[in-house]
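Take a look at the structures below.
What follows is a pair of complexes built around chain A, which joins chain B in one and chain C in the other.
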Partner chain A sequence: MRCFILAALLIATPAFAANEAGKYQSVLGDCEGCHGRNLAGGVALATPFGKLVTPNITPDVATGIGTWSQEDFRKAMKQGMGKGGKPLYPAMPYVNYALMPDADVAALWTYIRTVKPVRNSVDVNQLKFPFNLRFLMRGWNLLFFKPAPFANDASKNAAWNRGEYLVEGPAHCGACHSPRNFFGADKGGLSGASLQGWWAPDLTGDGRAGLGAWSNDELVQYLQTGRNAHSLASGPMAEAVENSTSRMTDSDLNAIAVYLKDLPPGPGNGGGATGAEAQMQAGARIYQVSCAACHGGDGKGSAIFPPLAGNPIVTQSSPETLARVVLAGAKGAATVKSPTGPAMPSFAWRWNDEQVAAVLTYIRNNWRNVAPAVSADTVTKIRTSLHSAS
Partner chain B sequence: MARLLPKRDAVIIGLGWTGAILAQQLTEAGLNVVAIERGPWRDTASDFNIAYIQDELRYGIRKELFLQPAVEAMTMRNNAAQTALPMRDYGSFLPGHGVGGAGVHWNGASWRFWDGDLQIRSQLTRRYGAKKLTGLQLQDWGVTWNELEHSFDQFEYLCGISGKAGNLKGQIQAGGNPFESPRSRGYPTPPMKMSYAPSLFARTVTELGFHPFPTPSANLSTAYVNPLGVALGQCTYCGFCERFGCGNYSKASAQTTILPVLMRKPNFEARTECEVLKINLTPDGKHARSVTYLDAQGVEYEQPGDMVLLCAYGLMNVRMMLLSRIGQPYDPVSGKGVVGRNYCYQTSAAARLFFDGKNFNPFIGAGALGQTMDDFNGDAFDHSHLDFVGGAQINCIITGGRPIGSRPTPPGTPRWGAKWKAETAKNYQNSMGFASQGSSYPVRENYLDLDPTYTDRHGRPLLRMTFDFPDNDIAMSHYVSDRMETIAKSFNAKSWAVSRLKKGWDAVPYQSTHNTGGAVMGADPGTSAVNKYLQSWDVPNVFVIGASAFGHNGGRNPTGTVGALAYWAAEAIATKYIKSPGALVPA
Partner chain C sequence: MHTDARSLSRRRLLASVAAVPILAATADFFSASGRSISGQVPWSPFAGAPPRPVNPLGWYFFTPGEAAAVEAIVDRLIPADHLTPGGKDCGCAVFIDRQLAGSFGQANSLYTKAPFAVGLPIQGYQGDLTPAGRYRLGLRALADYTHGAYKKDFVQLSPAEQDAVLNGLDTGKIVLKLKPGFSTREFFELVLQNTMEGFFADPLYGGNRGMASWKMLGFPGARYDYRDHIDKHNVRYPRDPVSIYGEA
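And then the complex of A and B:
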């Protein structure tokens, strides 16, 4: 009966400490986010080039990386080369991991060797022709991958530099939040991007769409708990919070906040809705009937429901996440410090595309929010893509 | 042959209110717990979707969230001379089904029983003499108010109950219930805002010298974060609580208060759509080894555990004990045996008033939005010259003006056709009601046992219910109906009608899902199935948690007391039983 209690009384040994250090590297890199809670892979990633399924990285000999050496692992992490010189697809963020010091990669390797081997055979490459040809990645690397060790900016303080290292390196924030070029390469800038049917929001200092209105503490609170006075993480960010940022140390979270808060404003969201009076009126009626009960007549939300007034996810240049949340519903992040994880139900059944467009235009331009109107065509496209994805 | 699974510290049968509380408390104490739930997983946004949960036909009439007789039926009769027949449809009461249990669809009226309820036999005997209780099988519960008060408090703060204290550590508080037993602190959230009908009721009965107060409600008046860190929303008074899951996270349930924390724990597992067939005992019948259950595919498993916590609906707890041969079945002829003993219900009547020119707006509602007076409840009034004991609360609660069920028409109106339509249109805004909810006291003839004829889909005997309203309770209810007549008169309504309870319980029309007793707690193993910690006298590693433990039913909704008993039992297990497994009270 007491076995569970005993399990908690682990004795701190040097091996234990090294393993914990490696485990923390896996938190920083959010390995679980793509490879699953047990790291056995099998998680499908929808890319613009087709479907990639994440590989099994447990030490299973037959289906995982049980036959790999430490050097094989280092090359995968930092050079994008799998065992035997097989080029990895850059969905594996080796472009970011290349900034990691070898010692941290070694610690991570130590930890990965200790996780439970899981037999799970994964068909990784389900991309469309010609993207299924791995050797093409050699050319991609030549064009877009310029590995270099992380260099401190002497004009900035230690927290800022640690923050830049985390954001651009292991935490690979840009993998979701930075716009991509035609070849899927990160253009940098963290000004928001579309992926997997979600819009990863602008993290720049922009006052409407970005984090300009957030304090450092509020940003730390968001990353630690999944929510703050402005917003509530859902979708892929809820997973990133649950698996990664909520488990980071306070000083690392503070460093991320210091760095992100120093980013200059990005291109912005394109300004307010003009000539949308009819949508605004229709949206106001829908809002009162179907949204105000939880989000409040004043758009301020409550201890459980996120606000819409001043919530940057509402005023992104793209309404993709917003429309998705309304049509398909979404579950908020649930963390130790904020365990509720409230969920938004699907309203796909209740509202047609014109109505969704109207209410989104309304919440994007009511209270003091300012963002472009949403057209019914845009909602139709998102609804269609949600249908084909499910 | 059942597949044998690895042993757990505790196996919980049923993941409703009590199962969730026990699981939360025992996982905190370090135990490895599995909960086995017959119904499906249920979650607010996906199963109580705010975009369509207010579908009265689907949930209110077709009862989508409830236990269906195909899963488990019961047989019913009024007395032992009759042959009990199985219900084809649940009517008089509606047990829950699935994760959250009946706590998903409850109205949210969250009461504490009285301190006097716990010592009912001693107290009434002291006040009126033993003769007054002739024919009633009333008995003390074996636990005292001081022992249980903290557990009531825990449940109320888990839920965030909205109310006004009436008795803070013995100090009577203006605006609260002056008849309540002393509480250690006030409610966690303020009372709900009152709509017109309860406000009018409060004003009217106050003028008559009575003491109305806001009904303590689990439909929260304001957003609330409970001690587990789980947040609930503010009630929107949408009027869809009873028979519905709450789409706004504003009605306390296992889903909105515990499960977000519990489901994250590595030492907890919930197995849904798994039906426990029986609890397996060692050959001497004194120790539970395991439970046998079927999963959704019909595969049979045996789940061993160091203890088994029976946390199903009260009636199902009793049936599981009988099926598993835990405790001696009650025999109404000899009065011997304990399992099935002291089954009680609720004794209710209603008043309906019709006005002209009002705007009651009954669609502004919530399961526990209203006013209550306890002036004629329990032993708050003198019974010396009355021919009964017990009483009823009188409630003006506006659960909602739903379009199918809420069609008040004055007596004499046709039940269909043009005249009925005209009258419903005219009276919807012009009618209000209030109701008594009365105590139900045990008698020798009312009991639960296994049906000798009818079986379920697995071939197990159904539960047989033998029940009628005892004469004592009929007399009580008529007395309260007389008081309701007086109150109704004072409203100066155009017309009114007060119903009077009749002998001959009818299992068809809905009355109340407040079924109590059958595995009652007490200090005497000769008259109780479980001890004061809800531990089986006969099989000490089995605890039986729920309204099944009530020695009688008070004139109150039972959930608050059920929640308190769950915390009370959990504390006994965590602080006493784990250290020294075995009988916590010598038999």
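And then the complex of A and C:
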């Protein structure tokens, strides 16, 4: 009997290890981020081209990818072609996944096959005309998709190369953080971009808006816990931290930090507010009354509440995330290592657009923060789009 | 007799025990059941129950004559001086009007049915009139009194005459024609109490305009972080007060 158990263990262990390796690939690729915790899809992505709803990728035969072969899966991941040669929309980051070695995609396939099948029929393509014409993606691919295996840069060390692979490959950071061209293709650079009503911040070495002031350890801490001495992840980044980066290995997180910290400064945020004395004075008063209790008169926050001084979310070129957090409130990331997930209350009822603009201009230009002033018109637009989205 | 009482109480006990499950089943006795939350605290965008400030314009309960009388009264109870504006300019009459138009005026939180026994002073008003009814009756009686004594409305009296009338109400020298169980002094106490409430309550409710009383006292209002000042003893708090709505 004992021998039998031992034999069963010996047989089971390699399969278990392969499955764990595949599961880790799903963490790196953040499959759950778009396809949901159970991978059954149905998550709506608001793109500039209309609504795209993520498909069910569980092994369910009727509504998932239960009839797919490993090769079908490899082509979807690395060539953007679904089963039967149906082109995928590049909201599925196959442009990034194309860098993954076949072995890793195979491991991921092994894992995906073991996920519980869920019956969930999804109407994926709810895009506006003409973007709902799937065949157009063939042209898009010709223009913007140049698949090539990941190539090591011999002049950099192993951690840097691993970091570049993760950032540009499976972790697809640029899908949110890089500016896009007219056709929605990633222009690269990780200098920040707007999506789904949030501004994904600048990840370059810029000292004002980027990660210039962060140490490698602080960057690792942020990705692992959702917060560090500078900032607190909320919105889509909180999800990315909870589903993906907090579950990555220390060495992979360190590699990402090494690579990101080596990025040259991007175009910057456009400099400080000039001629905004009235806004600064009004903003200071509002800050004192409504913000200082948690974020501190010195803007340094506390163990729970994020600082505003030196927080890159505050000093982005676009105030989209900042205004959103003030108007609608926000929920911070909750991870195993930092489980609280503190929340910011909504101030939409309390301040009009002019007051929000004033307090944002104030926090963007106080405590050595430097960022352009925010106009009431900008806040009006953000408030309107938030209300129509929620 | 003793045996009867005991058997009765036992029967009652048994009946009430039997009633519990019936109550539970029929009257949603346990409808306020608990909700279990795990993982994270729930959160949703734009959440909040913002306070609703009263409309500062017009009268909701008082007639124009009553409003003029109450404005004159609150302006004598809290006269304008170097510390604060007067009770009228602080909105005390508006505060009282909105309260009388609302649940306070209708005594919604009190038992107001018979019997109407005369209570001890410590028990407060025991009659059948709501606060709104007491104001209506009291102000009419006050108008009757001033017309009898001065041939004028209260508001038309000189400040000295107004003070004399209020003093008479307070000390019992003047007796208004009210109702048994509702004394002139009780009427005066009611108005004085509500005037003070209007003067010191949050501006949200119509009184304490500009947070005048809080500025006078150095009361910081709805601020909630004093870490910078907790160790500064016997030093006046330097910041202006903040109202519930966030005015400063």
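Convention: the second predicted complex is superposed on the first by the 378 of 390 C-alpha atoms of A that agree within 3 Å, B and C clash if a C-alpha of one lies under 4 Å from a C-alpha of the other, contacts with A are read in each partner's own complex, and residues count from 1 in each chain.
We adopt the following convention: a residue touches a chain if its C-beta (ideal position, glycine included) is under 8 Å from a C-beta of that chain, and two chains touch if they have at least 3 such contacts.
Remember, it's a predicted structure, so these values are computed and weren't measured experimentally.
Asker: Give one word, clash or fit, describing how chain B and chain C relate on chain A after superposing.
Answerer: Result for chain B and chain C: clash.
Asker: Pick one for A:K337: touches chain B only (first), chain C only (second), both, or neither.
Answerer: A:K337 contacts chain B only, not chain C.
Asker: Is A:Y222 contacted by the first partner chain B, the second partner chain C, both or neither?
Answerer: Neither chain B nor chain C is touched by A:Y222.
Asker: Counting only touches as set out at the top, which of chain B and chain C does A:Y259 meet: first, second, both, neither?
Answerer: neither
Asker: So, does A:Y94 touch the first partner chain B, the second partner chain C, both, or neither?
Answerer: It touches nothing on chain B or chain C.
Asker: Considering only the touch criterion stated at the top, classify A:I304 as touching first (chain B), second (chain C), both, or neither.
Answerer: first
Asker: For A:V289, using the defined touch cut-off, is the partner it touches chain B, chain C, both, or neither? Pick first, second, both or neither.
Answerer: second
Asker: Would you find which stretch of chain C runs into chain B in the superposed arrangement, from 150-158, 168-176 or 186-194?
Answerer: The superposed arrangement places chain C into chain B at 186-194.
Asker: Indicate the residue numbers of chain A shared between its chain B interface and its chain C interface, in ascending order.
Answerer: Touching chain B and chain C on chain A: residues 290, 293-294, 329, 331, 334, 341, 343, 345-346, 349-350.
Asker: Applying the document's contact rule, which stretches of chain A touch chain C when the two form their complex?
Answerer: It is residues 285, 288-290, 292-294, 297, 327-329, 331, 334, 341, 343, 345-346, 348-351, 386-387, 390 of chain A that touch chain C.
Asker: Residues of chain A touching chain B in their complex?
Answerer: Where chain A meets chain B, its residues are 1-5, 290, 293-294, 302-305, 329, 331, 334, 336-347, 349-350.
Asker: Which chain C residues qualify as touching chain A in the complex?
Answerer: Residue list for chain C touching chain A: 39-41, 43, 45-48, 50, 223-225, 228, 239, 242, 245-246, 248.
Asker: Per the contact definition, I'd like the list of chain B residues that touch chain A in the complex.
Answerer: Of all residues in chain B, those touching chain A are 9, 30-32, 43-46, 49-52, 223-225, 228-234, 236, 238, 247-249, 260-261, 264, 267, 306, 578.
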